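Each of the two complexes below includes chain A, the first together with chain B, the second together with chain C.
And now, the complex of A and B:
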């Protein structure tokens, strides 16, 4: 076999890995932010992704809110709108439920850690089954020509050697990178972002400095929910989904966050990217069935060699 | 008045109450509905197929009850018990267990659409001696020597034997030459593998003179189909066997092939199962993606069921009635037929009646082929495979010739 087709296959799969990885990265950022600021292990994160998918579907396909933008841009607008709407949902959810077992109100209670695990698991079950009742079990998708069309990049080795870049995934990748960068800037440069970091580093000290830690937690939970919902909306442009779809992604999200380093936004993005790349590149050397097994082999290797993840700190913050 | 005839007020009241209770007990026995369970995937990636089966079963039970119920049981009504088999064999097994223990009066059961789920459910139903009807394809369902399971679709190995000549005949008719190469993309659930095994390990492809360029097996659901489509692109088979088993994977695989320059007008795609001809695919993937896709199914309405199809469409709003709904309808009708024969709501007797079945009327109208009968293993004797193809956004029967309503389309450019 000549080298040309091998190179072509490698670069094709590499492109797929980068595109998928960027979207995984955005999902992981949402989860990483919630964990980083609040130390909450949120089992419902996959279901926020699912809500983002259904929100985009209803706004774009069912109600045609953005139909004036055309079938290419409307799904992206719908996905972006899912962010603020689910931010509000996340904020309210935090205020009503999550804050009772996390943050300053629960700091003194030793069982708060277990309570938040059970609470988020309960929220996940309610969201999944509620979605089954409301949306039904029929798989659906945001119908857009982007999902089955591609940009073609000529590749050396003849006229038939072309690299395909799926338009829906490419657009989702660009939006994911932009949102990830915007969040990175927001956390690093704005006053509210600094408040979030302070609340994450030492909530007690932040409290003494006049920062409303509970408000910071609500904002972090809302942003984490909103970002994951945007990722869900973007995925919905090329992926058929149903109410239980969150479970397929939540394991990837957790693996990405741990891989990147718990508590690091940048790390969460690169963790997601790494998972996307490993998942796709593994198919070059392993049977397709072992695609997801490869992710966890790499995951275990990283955890063994660098337990704090790519960007995590080796010492516990005090 | 003699002493023995002396009736006190208390004894009269007691006698009256006893008479009323006896009357109620008698009435309850006579009109007690006959229960049949359907354990179907109503959540998870196979939920749509489960829903289509439920629609067929509900319509059948309504039809039975509206037409006077089970006449041999004094007009007893049929009652449907529905349970969610979920998306794993464990959930399917638990659901079956729960239904059987909660409804001890069940006379029969049916489900669970996906072979992997059916295999788990029938382990439970067999122990409970509950006759179980299924449209699932895996050979192993009726290979285990079970006595209480009935498979109304042709099993995977038979489908593999019937699919290949049908596909080759269509290709030869369209292009004048036999396709020489193929590639198989399959998920690792039981039904697709039971079709793939005889093709590859059983040597069916070799015997047919079709070279297998590659066989790719994946675990559903697919996260991205690019690596698979890339391999198809690199190998360029004359046609592709796409044995995905759920709507999301069907759509993703077909969209990725189209995106990478392999639409159906260039690469013919042959699937297996009815999931690839559900109305949802038209919504999630679109006509341009689906047109040309061909699939072998265990059941599809024939001319005998024309009026039923029209009533089904009107009742449910579904654009057509496919394998899942008509098989479920037929399964209810098989149980009704058995109850009319046995004249008693007893699962052992119902099981014996279905084993002894050999009819070309009644429930036979809802299955392709002339006679409805089962062999000792519960496998339907002589069950033919029906070939269906998407044409102009609708699945139409293109084979075998006795059922075909349209000519199969095969791209001239393909092999």
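And now, the complex of A and C:
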């Protein structure tokens, strides 16, 4: 039995969509955690992604720190290491700057919202221009043999019908799902994770429970930064980047987080996944340049039909 | 146990508390009553650290409380059940109680605390996996109180626990609070609009009006006071 070429193409983009969707999902989880816990619109999230990419590039390609792991595993190790390093960076950034305009200190001030926007926008500009000075504007990539190789899966037997699964993307997808699951477990089951959610629900009541809300915010900001940086490191294995690469992804991240329902970790992941799928499936019927237009059409439709997002619960809005 | 001396608080120039002094002895049940806007909630927030005093002192078990970080105060054995319940809506009943036990004192004894809370409010036991945001108002109030005592506090502060509740539910809540005080030996500081009920069960009461303590005394004296009878008890 031979399968129609359109059918094959459909499955091919479906796989591509699932693979990039998982990585988008991980990025969205990082942003969603920060927004969910702190209610801060962070313009610099795309730049944390960029820093994760450059970190992975320098550690893996320039300095070869993980070369003993072999060319396949080294980029993954580099991306994973970007997590704790940018966690620390995010934590310090929150301590020094963000906490001045958010959390318990800002609760009393009326214009804190504007100060937050201006601060994160300023951080974004500094990171982008700083990266331009330090890293230069030449597009780079983290080279791994996986980027150019694919598993070929026979599709319904026929010798000519084969599905290609890019290895770099497949590995990045698996790592993304694992990290997303770990974070889901952390937020759902651990004492600190529950305290983060409590602080997100009602920071004043959380203080009355003895939860150090500002510290909880530092932790959330650090984790959100680290998770997005890992996603960046993973993307870097198949995507060429430069200091302004954050722009390419920040819209995707926000759209994913809103789609999934603001404040829901699981929702943020599925939001990112949806965007990956829409983006790839759109290539079947639309020219390349209109991929992102398709994302926004679906985005507007979902927001119109289900404003609380896929996973937003009305109980959370009390 | 808790000594407040000449405490003043103002919100952007408008004063909410003026030189308020109040003492809560260990094991006492103190009621604080007064009309809307008198500053009762503000006093609680000053004790818990979510508003900063303009002047005055707050001492708790002999130490200065004002210099302690707000998040530290629960760890010192103070539980604040805030006005309007303020449960964590997206957490389950059980998770809310776990957060109540966040302060070190309660953590070790969570199992025992849970038993006690579920014995006090059996409705909560049946709903432990339900999201707190989907509980009824009365159930949320029970949860808020349960969450307060989960830390095994020495001082329990309750801000209008009967607000918005049907009389029978309010009676049940009052009964439970009295029980916690009587059988559990808990020190209680209660703010209430239901003045009759609050004064009935207290050892000592304070009347707060427009930021000042206008009257204080033991239960009998307050219940017999003409001003209290006219203004608050409708007699």
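Just a few scattered comments:
Everything that follows uses one rule, which is that the second predicted complex is superposed on the first by the 309 of 318 C-alpha atoms of A that agree within 3 Å, B and C clash if a C-alpha of one lies under 4 Å from a C-alpha of the other, contacts with A are read in each partner's own complex, and residues count from 1 in each chain.
Here, a contact is a pair of C-beta atoms (placed from the backbone, for glycine too) under 8 Å apart; a residue touches a chain by one contact, two chains touch by 3 or more.
None of these values were measured; they are calculated from a predicted model.
In the overlay built on the shared chain, the residue A:98 is in contact with neither chain B nor chain C. In the superposed pair of complexes, A:119 makes contact with neither chain B nor chain C.
Looking at the shared chain after the overlay, A:198 reaches chain C, while chain B stays out of its contact range. When the two structures are aligned on the shared chain, A:219 is found in touch with neither chain B nor chain C.
When the two complexes are overlaid on their common chain A, residue A:79 makes contact with neither chain B nor chain C.
In the superposed model, A:211 lies in contact with chain C only, and not with chain B. For chain B in complex with chain A, the touching residues are 42-45, 47-48, 50-51, 87, 188, 216-219, 221, 223-224, 226-228, 230-231, 234, 246-248, 251-252, 255-256, 258-261, 280, 283-286, 289. Partner chain C is touched in their complex by these residues of chain A: 104, 191, 194-195, 197-198, 200-202, 204-213, 215, 263, 313, 315-316, 318.
Within the complex formed with chain B, the chain A residues making contact are 5, 8-9, 12-13, 15-16, 20, 132, 136-141, 143, 147-150, 152, 162, 164, 166, 238-244, 248, 279-280, 283-284, 287-289, 291-292.
Chain contact summary for the complex, chain C toward chain A: residues 48-50, 69-75, 79-80, 82, 86-91, 95-96, 98-100, 102-104, 131, 133-134, 147, 151.
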